[in-house]
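Structures given as structure tokens follow.
In the two complexes below, chain A is the common chain; its partner is chain B in one and chain C in the other.
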Partner chain A sequence: MAEKPKSEYVPNIYPGKDVVSERRKKLWDKSRPLLKYRSVAEDDITQILSHRAVRAAYVSVHPPLEEMIEPYDPIKHIVVPTPGTRAGDRIRFIQMSDSFHLPSIAPFGRQRLYFSRFRGMDTVVYSGREILEMRERDLEKVAKMLLETEIFNPGRSALKGITVHGHSLRLDEDGLMFDARRRYIYDRDTGEVVYIKDQMGNVLDVPVPIGPPFSEEDCKKLCLTYSWDTQPYKARTELFEVMSRATKMRVIAGFNPEMIDESM
Partner chain B sequence: MVEELSEEEKLKRFVEERKKKMETERAKETAMSSREKDYVRELYRASEKFIDVEKGREIYQTMREIWGAEPLSGVDEKMYHRGGYKQSNRKREFVDAGKQVAIKRGLPSYSRAVGLPVGQRMLEPMPVGKWGITIEQDDSHHMNNTAIQQLNDDIKRTVIMNLDLAHRMLQVRVGREVTPETLNLYMETLQHTMGAGAVAQEHMNEVNPYLVKDAWAKIITGSDEIMDGLDPRFYIHIDELFHPDRAKALKEAIGDSLWVVFRVPTLAVRMADGEAAGRWAAMQNTMAFISAYQLSGEHVISDLAYAFKHARVIHMGDKLWTGRMRGRNEIGGIPDGFTADIIQSERDLPMIPYVEYIEQEGDKGASRIVSRLNEGVGGISAMLDNTLWLGFYMSGGIGFSNTVATSALSGGANEDILEEFSILGTKYLRGKRLPTKWDIMKVIINMMATYVIETYEKFPTLAELHWGGAHKTSIMGTVGAGMAGLLSGSSTMALWAGNYTIAYAMKEGWLRTGWAGQEIQDHVGMPYLCSFRPEEGNLTEMHGLNYPIHSYSAGHGNQRVAANYGAMLGRGSAWCMSPLVKVAFADPHLAFDFSRPRYCIGKAGIKEFMPDGERTAITPACDVLDRGLIKEIAKEFPT
Partner chain C sequence: MKMKYEDKVSLYNDTSQCMTENVPIEALSPFCNPYMKDVLDLFKRTAFINLSKLQSCLKEGKGGWETVLGQDECKMPWYGRDLPIVEHAEEIADRIRDKVGKFGDGEDSVTVMADTIVVKIPKEVMEVSASRDPVYTWTMVALCQAIAEVFNINPNTDLDGCNMLKAVVFGRYPQSITFSPGAPVSGFLKPSNVVDGLGAEYSGITVNHIVAMVNKRTMDGLALASILEGAAQWEMGNAVGWYERYNLLGYAYEGFNANNLVLDLVKENREGTITDVVYSTIIRAVEDGVIKVKNKLASGYKIYTTNDFPLWNAYELAGTTAAAIVNCGAMRSGQAAATVLGYINDGFALETGGLADPDGGRMEGAGIGFAFYTHSIYGGAGPGAYTFDHVILRGSGFIQPPIVAGMCLDSGTQLFSPEMTSSAFFKLRDMFPLLQDPLKKVAEAAEQIKGEIKKG
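Then we have the complex of A and B:
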């Protein structure tokens, strides 16, 4: 089969040229690597996720794909299975909550990032939280990226498997997002945020430090949402034009696509 | 002659054209971007200076009152140090009651020892509207609030029937005369039969009148002549209950026709459902006809029954689709236009379009209209959609949707924002209604949406009060739809604006809406808006929760009704979809006051609202915890 010519099309990803728009373009473009801010040991991630004991074998829900005889399906020849799928891992989750106040990523930001950068996943967007479901070993791999890079602010993003509310509340005295189960605390001696409970709120044997929270300046710099005191939303003329156009086209041509013409 | 190109050349030319186009677009973008950046810098500098202005806003005072802290501060110093659930009187009561119940029944009950620790944050008090009543969040749960229950009951137990056809049958086929005297006798009989009093046979089981003291029927007509001949107790006095202009318009619309609004006993709809209300009303009405007009088991009875059960009857709600099957007169089937008619908050206001009204009355007029809009939408449609339908019928009473509805009750926060915007409108609109053109409306809606968005950003306390995305979605949609409706008088344009506010303005600004696809109905709702083919859309007034795309998630009922009710006020109409429904809910005999719904709900929150449907006439006077004990039921059968 002849090799398919590479498309010359360059997706714009997001309208506008402002700082927030640029960040959105970066996070949702899988060709651009995310900046690493900290290192979290793999065992620590396993602990916080709380799906299996550290270094325990992965629980599988079906035999490895190589050992399975399945009916013919052309899609299976096109899609390369992820390592977790190949091994037959069960599907597990990580649920992240992001503060309303200058967040480095927000739920729809996560969703668009997940869809653009990950394979073999499912996700649901809520107002404050975002659940990501994947095969267990694939999940652990991406969890490392989610916790180590610029999108994770230990002070304003958190793992919350249950009792997720609090994203919209004021911050606590240490500048941390509220958590009714207090899974994480601020260690004033080390200046780091420390997880004392796993994402389901069970107390950890050994606390897991996850790095210092971003400074206020960093929060403003890395904020993915528009805000009146950083990047005022109302000044985004290009974005509003795009939104308004999309609205108009949806209303007018939703049931009659032939009504769309060049002038729209 | 057309130039013949090879495939390769065609592709090359296409790529070149595409590149050229991209370059032109980029050049445009760069120009726009540089202007944007200048604008942003200016704004940022200016916003610093205006922070003091925020302190002069009404919302600043409201937030200060609720939180007892600096409303503009993003930090809660006392978080985790507030004494847990003990900071709330209501939670303490619940814990005590849970213990007592557990001891008495020998089974665990409500216990704060299980689940999450409640009260790590501040459990804030909540002022209701601007009525000067403060309640706790739990007081607005429909199970704890008798007014919300009565709101539900009063709608479910209402059925309206037309008498014209019945009277014609009596006159033409049976040869009976219908006069004011016979009508008065029929109405007196009807008050008796509505409480299940027997009129034709002796061996009937009757009902204790104390249990059905809330069962009655009243005539609705637009004819002064007919009303003159009637006993004044038996009809709804439109002239006394509405502003003269509204009364005139309503009476003209209803005309000489005669309608009766039936109130089936609260207890009946509680035992059965809304569908039973239609049956009850039709049966008791037929019995009243039989008695008042001396009818036998003759052929006309079946036609009368048919007229009352099917042909000439208005139910408050339609049947629901199979997956959510309920009979008529249930919350899920109420069209939004009916909900806007059930709301009575505008009854005493003159019947002129909103923009003209604010031109005449100035800032005070703007505040008045907005407060009426919020009173009706927050007190009725938010309760019907969020609390009762989604929070109770659909979710089984988990309590979350109730909090979404509660945000629509909350003290002044919504009015404060809308009022400010409305007052701005008085300055710039100069009595002119906005045309229903999106290119014009979008300017206003963008301004409005960003204004509300920035208010949430500036006031972290407001963001905490409306703590979930669903709450903010609900408020944003209401503000967008309500304001567009007021300004344009078009419910379609209003719903369009509401959909846009949530699905685009809010979503792209904050990258979040509400729970799990909260904005889905705003996305799919857009194409449905301007289509009138029933399987695609319809008049917005005909939409409702019964409309499949509207029943996904909480927070949209108030938006939809705000669109219809706001447009009604924007046009200066006396009713939205049915003049009869508008008049029916003005009935002063109703326990729930549909013109002041938030007041009733607030009063119920402080245990000062007396509902209907009492059973004390037939229950033993005993300790609350002794009722229904298994020991009593398990007593041996007498031999």
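Then we have the complex of A and C:
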């Protein structure tokens, strides 16, 4: 059973063949790499995350797994731990917020992306934010990917560890998502978004430039949501078919699970 | 016993060895499986008296507290009584046996284990009672009488001592209907007046207690949680009639590693992600003929269909459990199990073209609520400190086993760790050999009775 090649099976991932549907299929398919738009130095990421001082040793919450004496359990030898787990790192977080205005990813999309691409992670979706918790060194590794690739639009996505409010408000005069703590500003000289505070709102000694915001055309091209000015209502025919079937199935399954048959 | 359903499963242990073959699913019902009956009986009828705690509280004049950690807001040292209660453990136990044990059929109802007296209320008493509260009421009253007799405490000799003894054992009851947390007298189950919901008694056991009782062995944790939660579902009426096969199959695959499905999925994805487990579950279900492709939409998107939703639901539950094990195992942290339960569901629904997700969406609802309450996004406690009669968790009967599995895999990241909240329950495992190797014992009991379940 376990040896059967997986290649025969082609995952559905998402219904529809419009542009938005294709975007969703790409982001949630771990076999398809995400385009890199910018480079952010590792030390800069450590600074914005604000969990440890730059180049400080990782703090551990327990000894390395190999040194621990645990009660016998075969399962613990089957599942392969992540590098951070093996070292006994603390569990730390990154919290991302995504604007409503032509976002390149949204909280529900992040959850599916995290589920398909990351191991050993813990996430909770909220209306305008998404928290991701991992072992510290694993978190820093994925944070690099989250900030450098096509899913991060410096103008419309942001790290907000606290005071997350603002994803549904109007954009500011520079086209940035509202942030009550003013963690990031638009540098008109360089054309880049610059983090002047870390995700918890503490002022940084050295500001961290994180790249220029996407142009309006790029925003539309990379948008993950259906909307009147990207993909209109009728593009969602397949999606509606699947969602209405799922809803009906759920109601019937809850009423009497034996009632579901092949004709449905 | 008549066999109503055609379904048969083989049960495997955590090293993938087959323990019993072709067992009718009825053999995994608490009404048939003798091991399950014994476990439930133990949980229902047993009370514990912590004599050292009783002695120290009585000495300090401490009683009626309502805080979990402090336990010190009501102290009356001027009424304290320094009695050598632990030294007289045997004598106190004998007197309790005289008062309680005589109603039984000769089974020894009272045993002393170190500083703890274990009282098993006789079956006859439980049969006459409308509730299972004698576990608390009989034990507490008999204990107070025994101590009064041994140390000669009565209104003539020591009026305040009588009151202090009552306050230590009963707390503020009956002015307050709840007993103090961590009181000297406790049971496996909560007192019935504080259980949140009808029939939810067996699901009212703290997650960490179960983890401690199986000594953090993942598949045993799944099995013990499934025995308890499965019995609770029957008691709630959630497994009657239309839902019987649905529940029996669900717990067989989720909790008792039926057909080695959970372990196969874990092994296949030992370095995989949660979504990989969803794909593997669908591949396995298609191979086993549980679901099949009905048609394709214009984009190439496949719509799956099934004639046997209860079995597909059981496969989904096995997939969810395997995903929780794979994810929590990679992170070696219990906090990530709630996330899997909350969000894997739309993975299944979207991947199959809308087939109902695990437990018809109830698992998603309860899982998201649980994830909110166990994370800093909303505050709350760690998953290990929850009981499943809780208002946000009782929505689905299938979420308890994967949460227990997640906590079994935790390597020490939780503030509410099993060692902190449930240290006494690690000892219970040694006290009651019945609690050791629950998965193996469920399988042995099923093997023993499978011949008695015949087609009728």
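Going forward, the second predicted complex is superposed on the first by the 253 of 264 C-alpha atoms of A that agree within 3 Å, B and C clash if a C-alpha of one lies under 4 Å from a C-alpha of the other, contacts with A are read in each partner's own complex, and residues count from 1 in each chain.
Assume a residue touches a chain if its C-beta (ideal position, glycine included) is under 8 Å from a C-beta of that chain, and two chains touch if they have at least 3 such contacts.
What you are looking at is a predicted structure, and each value in this text was computed from that prediction instead of being measured.
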item	value
First (chain B), second (chain C), both or neither touched by A:41	neither
Touched partner set for A:226, first chain B, second chain C, both or neither	first
More chain A residues in contact [chain B versus chain C]	C
Which superposed partner A:206 touches (first chain B, second chain C, both, neither)	neither
Which of chain B and chain C A:124 touches, first, second, both or neither	both
Partner chain(s) touched by A:246 [first = chain B, second = chain C, both, neither]	both
Contacts of A:238 with chain B and chain C, given as first, second, both or neither	both
Partner chain(s) touched by A:17 [first = chain B, second = chain C, both, neither]	both
Which superposed partner A:254 touches (first chain B, second chain C, both, neither)	both
Shared contact residues on chain A - chain B and chain C	9, 16-17, 124-126, 238, 243-244, 246, 248, 250-254
For the chain C and chain A complex, residues of the former touching the latter	14-15, 215-219, 242-243, 245-246, 263-264, 266-268, 270-276, 279-280, 282-284, 286-287, 294, 297-303, 305-307, 309-310, 313, 325-327, 329-333, 335-336, 339, 342-344, 346-347, 349-357, 360-362, 368, 371-372, 375-377, 408-409, 411-413
Chain C partner contacts - residues on chain A that touch it in the complex	1-2, 4, 6, 9, 11-17, 21, 28, 30, 61-62, 65, 68, 70-76, 78-82, 85, 88, 91, 93, 111-112, 115-126, 129, 131, 133-135, 238, 241-246, 248-254, 256-258, 260-262, 264
Residue ranges of chain B in contact with chain A within the complex	15, 18-19, 22, 29-30, 32-33, 35-37, 39-40, 43-44, 47, 73-77, 79-80, 116-118, 120-121, 438, 442, 446-447, 450, 453-454, 457-458, 460-461, 463-464, 466-470, 472-473, 496, 499-500, 503-505, 507-518, 523, 526-531, 536
Of chain A, residues touching chain B in the complex	8-10, 16-18, 100-101, 106-109, 124-128, 162-163, 165-166, 168-173, 175, 178, 180-182, 201, 224-229, 231-240, 243-244, 246-248, 250-255
